[in-house]
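See the structures that follow.
Look for subunit A in each of the two complexes below; its partner is subunit B in the first and subunit C in the second.
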Partner chain A sequence: MSPVDPDLLSIEHLSVVIRRPGREVAALSDVSLRVGRGEVVGLVGESGGGKSMVARSIVGLLPGGSHATGAVRFEGDDVLRMDDDALRRHRGHGAAICFQNPRGALSPTRTVGRQLTDRLTTHQRLTEAEARRAAEEQFAAVGIRSPRRRLGAYPHELSGGMAQRVMISLATGCAPGLLIADEPTTGLDVTLTREILRRFRHAADTDGRGVLLISHDLASIADVCDRVVVLYAGTVVESGPAARVLGRPAHPYTRALLRSVPDVDGRAVVATPGAMPLLKAAPHDCPFAPRCAHATAECTAERPPVSRVPGAADDWTLACFHPRTDELAFAEPAETPGRATAAERAVLEVDDAHVVYRSRFGKGGHAALRGVSLRVAAGETLGVVGESGCGKSTLAKLLLGLVSPARGDVRVAGSRMSDLRGGELRRLRTRVQMVFQDPIGSLSPRRTVADAIAEPLRALGLPAARRAERVEAVADRLKIDRSMLARRPHELSGGQAQRVCVARALAGEPDVLVFDEPTSALDVTVQAQILEVIADVVRDPARGSVFISHDLATVRGFADRVIVLYLGRIVEEGPVDEVFGNPRHPYTRALLSSAPSLGDGFSGPKVTLTEDLDDTDAAAPGCPLAARCPFADDRCRTEEQELRPYGNTRAACRRVPEIPDLLKGSDIRV
Partner chain B sequence: MRIVRFVVRRLLQLIPVLLGVVVLTFLLVRVLPGDPIRTILGPNATPEDAAAARARYGLDQPIVKQFLDYLGGLVTGDLGTSIQSGTSVGAEIGLRIGPTFELVVLALAVALVVAVLLGVWSARHADRAGDHGVRLTALVGNSMPEFWLGLVLILVGYSVLGWFPAPSGRVDPDTNLTPLTGADLLDAALTLNGPAFGSALAHLILPVATLSIVVVAPLLRSVRASALEVLHSEPYVAATAHGLRGRTLLRGYLLRATLARLPSLAALVFGTSIGSTVLVEYVFSWQGFGQWALRGLLYRDYPVVQASVLVIAFCYVVVFLIADVAQAVLDPRVQI
Partner chain C sequence: MSETVVVGAARVGRFATVLIVTGSAILAVVALAAIFAPLFTGWGPTEIDPLGTLVPPGPGHPLGTDANGMDVWSRLLYAGRLDLGIAVAGVAVAVVAGTALGLVAGYLGGWVDDVLMRVVDIFQAFPTFILALAVAALVGNGTGNLIAVIAAVNAPAYARLVRAEVRTVRESAFVAASVTSGASTSGVLWRHVLPNSLTPVRVIAPLNAGWAMLTLAGLSFLGLGVTVPAAEWGAMISLGSPDVVAGRWWTSVPPGLVLLICVLGFSLLGEGLQERAEAKRR
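So, the complex of A and B:
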């Protein structure tokens, strides 16, 4: 690592209050942190903690009505007191932000190449022709295939991962001293997340830039950060070397965060009740005290000062009267009861289903599912994992009867969906219920919570009195306060709204519950609360559940069996511990290898896939993974692979018996 | 190419649309109360005279036969004969459409340029005095009826200041302009007739000003609103945060994204301004298409009404086609 110069960015006692008519928010209260050259600093915490506000204050882009005190020193100059000219030079060249949601942050009416050359000509004083050449090199450097062609592309023509790469190239194209990455991996797959984060580490190591990595995803950023700063309700609660803060945190909030994260090694999640407060003024007590198990009268009377962690190095500090020094205790891995599923009643059967999305004018189309068969018994939970674009969402739609299979069929509780019409079909549909990814978006804004929960009951034609009875029963079961039933979705927090969505799905006593990434839009501690709710719901012996997620760790937590999808095909299926502990298919192994983990993670030999996911591989003859698989040989590229049994699991790979030997070879990138 | 294919497909769609318009107007004008023959013969005509006239214009035939004759004429480009003037409708349109087209196109062009410049400026100075001034002025202009506005402009520009020619005719007859298209300014330019060009331009200024003041307000509001939206959008904030220069921001990140929303509204405004021309032409004695169509309607001149509705429908469809193409060119996300 290059020598650390502490003077690149130093935020000193920064407080930001946003005043708007009728509303006052203390977004940041007395925040101090620093980033040196060549250093990667992680800024972590949940939404509302003030992470983005820190980023915005570094480039002098605070929202209207905000009032900042303290200092944001960049190479000695205070950003808060710069004039327009100095600020324009500082933005981009001094500190450049990589925005969250790169697709939204790229201008839709300008080619990405032009957007990059705009930055290059502005900050590096290149001519148009030089900038074009440099842009091509930049694109290649961030791993964009055929960069020359991509220069002429518009943002809507790019995939999410590609857009993120372009965004990184735009930020680094300004040649900044400090690179700020605002949630750079949200919505990206595990394999891509690692790759993108590696780019930031690279920027710090080879170009000597400082990097401020803002994220709620502790596990992902754990191994790229040098230091970590934890924010809670606009205050810094803990900061120090990444290995220490994330390995043996001293602040109860950091501990709560870490315990809320599911891990691929299967340990159980411990939920912390409550939610982050929205402060109206700088706090005079510990903002975490109401949620803290160790809080005493002292904590609510006075704000704990920032001090060194007892017996630790200088740069590990925290703001807590009762620092924890013991080992971070995790609950034992959740018991996955070895339920005998074969003999039980099947509530959901899918037999060789193909789904094709036709293009608008008839010819051609895109095959989203290619021959998927599965069976869910009552009381069983089936996990579905895979990268985005692998057909997970299509599978959810298929189970709900929202798309009809081009071939094959779906049977719910023994009735074939394609046989039914009209009222019968409608009643059958109420037997399958879904919990969506975006909790607030999936509730009608004009309906009260009680109305929303009663939706499936209305579809069944229940009289109003019975509906009210059922709604209250379900609300009680999910610990939804009765007073909340009269509210509307915009008055709910994400966690409350997701509880309502689970209640709605449960109201009609369905046979099958489908969870489509139910926690990925939620904050870490809220996520843990919802996972507890879901874990309770899926234990009902009367119904089966399908849990879809790109997050392997979450699936491991409570699925009994798991299927791994790749480009519309099942490549591996089996009991969850078997698939996660001893993956047979190279794709499963690669997914597990790149899954972020704060614990031991995936313990077996690791595999990295060579390229980004490419849809065109789906149509190629032979194994669809062949282009990315390190073990592929000529037969893989020509022979169609079918699921074949290996022990308890089935995998669609002919080389499974040879893989343990191949893994010993030195040609695998780890 | 994609755009060419799109245009051809849309032009083919034009055929059923226009056929529907032909059928509807053919029936509607005949359902309207009033009789074209009565209006040309005067009060003293005998029933025999009326029957003879009716036979001359083919109005004694069964309605299906009349329609088929009319349709047959359309296919060969014959729009029929005006009952009032007895001349060919096609020739009259040829004479009348040029001046009106010139008026509407120029007015809309002026309105668009003004709306974009002021709208973007207004958005960049949102909620300051200048912004409020621009919006108020546009609103006042929009609230005035076009005929009254035209009269005020004539009063000020001609009677008081004497800067502009009298509101009678479109060009000074002494300039010996050879008519080609009927659009005098264009004709003068094509025949390199300098004096006629000046005269036509001078005659155009007041009516164009009237019409554009009337239509500029909705365009300006829309430009301002979408420019504001772009200014607060994530891509623009991102470009600002990367420290791009003001000029790059304006040209590369604000203008095109703002304009992308404009074409469909501009097409709608074009439609309303065709309606507005009737009154403006009246005030300025423009002798254009609007006046001609209105007179045809008042006298129940069947062929004239049918032809004018057909022309207006055709213009509408073509203008919306142009708007769709413009939108696709401006916004790469729009697939055509």
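So, the complex of A and C:
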């Protein structure tokens, strides 16, 4: 049975049905894929598609109640049918997993060094001293600076990127043949994402490991993968060389996925209606057919077999009766109406706002915003971008009056928030409404949808009958089915819940809408749907909007103007096309350079920053970016930088005029 | 090759239901027996049989009589009214008062929280039963006072429990969403924070009712709770305790067993609710 040189991993016709009392889910239906040594395979698709189930089956961790058929062959042995001893050896040496949430997957009460040496002593049978030495090498290998010191750190002392590096060192520590990474970069900044993904490529290239990279983020993994497998509703719909599958996909679902991803080059997102079904039994038709524009009677009559893509020479396969072979067409860049803003009525003004989070004990505190000024006119959308820790969320809280500025002030529709108390403050608060990142978490679990949407109306003192009327009107506008109004949040999908949140924000006809990463918790095709909804909503001429995101591509599609935040300061501000097309500040350029893209991406000369955000000292004098900026000189390290006008943008960098020359001299490619 | 591999059977979700149904059934039987006591016995709870004291179980008295010549079976039935009534009412008052305190302390924080929690600390610094003894000695017995005692010794625990939960809930996005919608503090508390902070209370309250019955019985045993001739299981055990040595088990063992069964019923109910809450969280 065992071939001479089997693939490292070969999953053959794997089907998993999870049976629990009152619930049956066909998690995987006839999935076949393989990973060779030294190969990086991307497993992509939306949540619920079965990505994690594949990962779990490889390490023998299928959830209770699973009924599996087929085989998961690892170096010829079937993982599904291993006994406990074999499975233990397999998990140590054979395959190792990097989990999505590294800080959650690290034990909080043990130092990270101890967690690594523990593994080394049990699986590699090293002595304590050898293990420590090996651990230090491992840490250095994944790019952890001063590894000896970090060995003694506890997980909570590490930043997200550092914790993910530790997680990778834990997974690679025992030299597994196969490394599985389950959404390893979700929640990390763009600059870190590239770096972490490169580690996996490195593991495949230098150590000859197989890597299975699970991700919903197509743009990020496009560069590092050799091959890509696309899952939909537990079935493999397309699989083949990464460049081909992501460059010129043949399956309508892969095409829908790609078209749903916003890109920094500004092309418009095309939404695909509907959502992925949760199957109760293995499908007998094409599961994508109900959402597919090319579906025919054939598609709903039987399940399309896996076949070679017509005209493709290599192992490019798909499961579709109507493969697409034409060029993947994208919509033209969305036209951002050039609205004259200066003369219009300002609905939101922030003037030199400082926010300091005081520590509960002792003096001092953390300055989250250091002198931010901005202005949003009616009908205008302001984009706010920056890495985590730059003050984006604090800015959102400030606009909503959830934190008060230590200095400076916030005016909404002309009234200063800090002047008001009690009922007046509450009424002013209804003028600014926010759409939160986590749609389900921002709805009270025990309240119905109708109740949630009516919340701002209740604050305005509307009688119940008027409230109900208004709720229905808003629900209709956002295409929320009337039958959904009586449901509770746990019965909603992420996309439906976010629609409800947008409806709630709109219900009281506010002057300002704040979107705080409204799509980052959603699946790709759902994200595109919500972006369409938001695009429609921000077009209202009476309202100003603030769109906060770490994802530059998303911001580009909407905003009229953009501000770039870095460590609580605005480093660049200007019209969206200008900032994205001709960034003045090195930081903006670096952000754009590392933004993942499936299209042309950022076309100008690229720049990489030298250090992680968490290693820089925010309190140091001079330009806050100086420690990371490749163009910093001595004056940058000592002089405060103020926003100065360059063309029609403003940037907080004194060297802007010199940068084009500097870039020519040293085109720092990423 | 194509045979099915089954991974460990999923934990049966009906376990919680079994616990809840069993616990409720036990309590329902005891409560109904107490409410409809006259249907099951010809004797009144304080009626004295002139023909004899300490009569062993037999045809006239299914569980015999006690030292005062009162029918043990009938007292056993009637006692449920006081025992269940005081325990449940006491815990109910404790839940309401404790939840209100915890809600305010947890949501407002700051000095309000500090003051309220220090008061709670003082109450919790004493062992529950010693505190109950002291309060009972202070206010005297009587049904209302005993309910107050049970409430006073149990409310602090709820205050702490709810406060901890509220401190988590108030940080959640839906509370921020409500505040930014212009809702008033009381509106946020009542509509969003309170309903989402009650899960642990629902689990603890039934268990607590069981402990409250033990506290009540203990007080009565020591003469600080319900006193003879009123029918109460703790008082019955107290009265009958000297008889056990003489081999007359029927005066004190039955009330002890009923007490045990009731506490068991409350525990099963609480366990079941906890299982269900955990199953939901998964």
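Definition applied: the second predicted complex is superposed on the first by the 659 of 670 C-alpha atoms of A that agree within 3 Å, B and C clash if a C-alpha of one lies under 4 Å from a C-alpha of the other, contacts with A are read in each partner's own complex, and residues count from 1 in each chain.
Basically, a contact is a pair of C-beta atoms (placed from the backbone, for glycine too) under 8 Å apart; a residue touches a chain by one contact, two chains touch by 3 or more.
Remember, predicted model here, so these are calculated numbers, not experimental data.
When the two complexes are overlaid on subunit A, subunit B and subunit C sit side by side with no clash.
Judged by the touch definition given at the top, the superposed model places A:459 against subunit C, while subunit B stays out of reach. Once the two complexes are overlaid on the shared chain, A:122 sits against subunit B while remaining clear of subunit C.
Counting the residues of subunit A that each partner touches, subunit B and subunit C differ, and the larger count belongs to C. In the superposition on chain A, contact is made by A:101 with subunit B only, not with subunit C. Of the two partner chains placed by superposition, only subunit C is touched by A:402; subunit B is not.
By the touch criterion defined above, A:609 reaches neither subunit B nor subunit C. Shared-chain residue A:559: touches no atom of subunit B or subunit C. In the superposition on chain A, contact of A:114 is made with subunit B only, not with subunit C. When the two structures are aligned on the shared chain, A:154 is found in touch with subunit B, with no touch to subunit C.
Figure legend note: subunit B and subunit C, brought together by superposition on chain A, show a least Cα distance of 5 Å.
Here subunit C touches subunit A in the complex through residues 1-14, 172-184, 187, 191-192, 195-196, going by the rule given at the top.
Those residues of subunit B whose C-beta lies close enough to touch subunit A in the complex are 234-245, 248, 252-253, 256-257, 260, 330-333. On the side of subunit A, the complex with subunit C involves touching residues 18-22, 62-71, 80-81, 400-402, 426-430, 432-434, 436-438, 441-447, 455-456, 458-460, 501, 504, 508. Within the complex formed with subunit B, the subunit A residues making contact are 59, 61, 88-93, 96-97, 99, 101, 104-110, 114-115, 118-119, 122-123, 154, 156, 170-171, 174.
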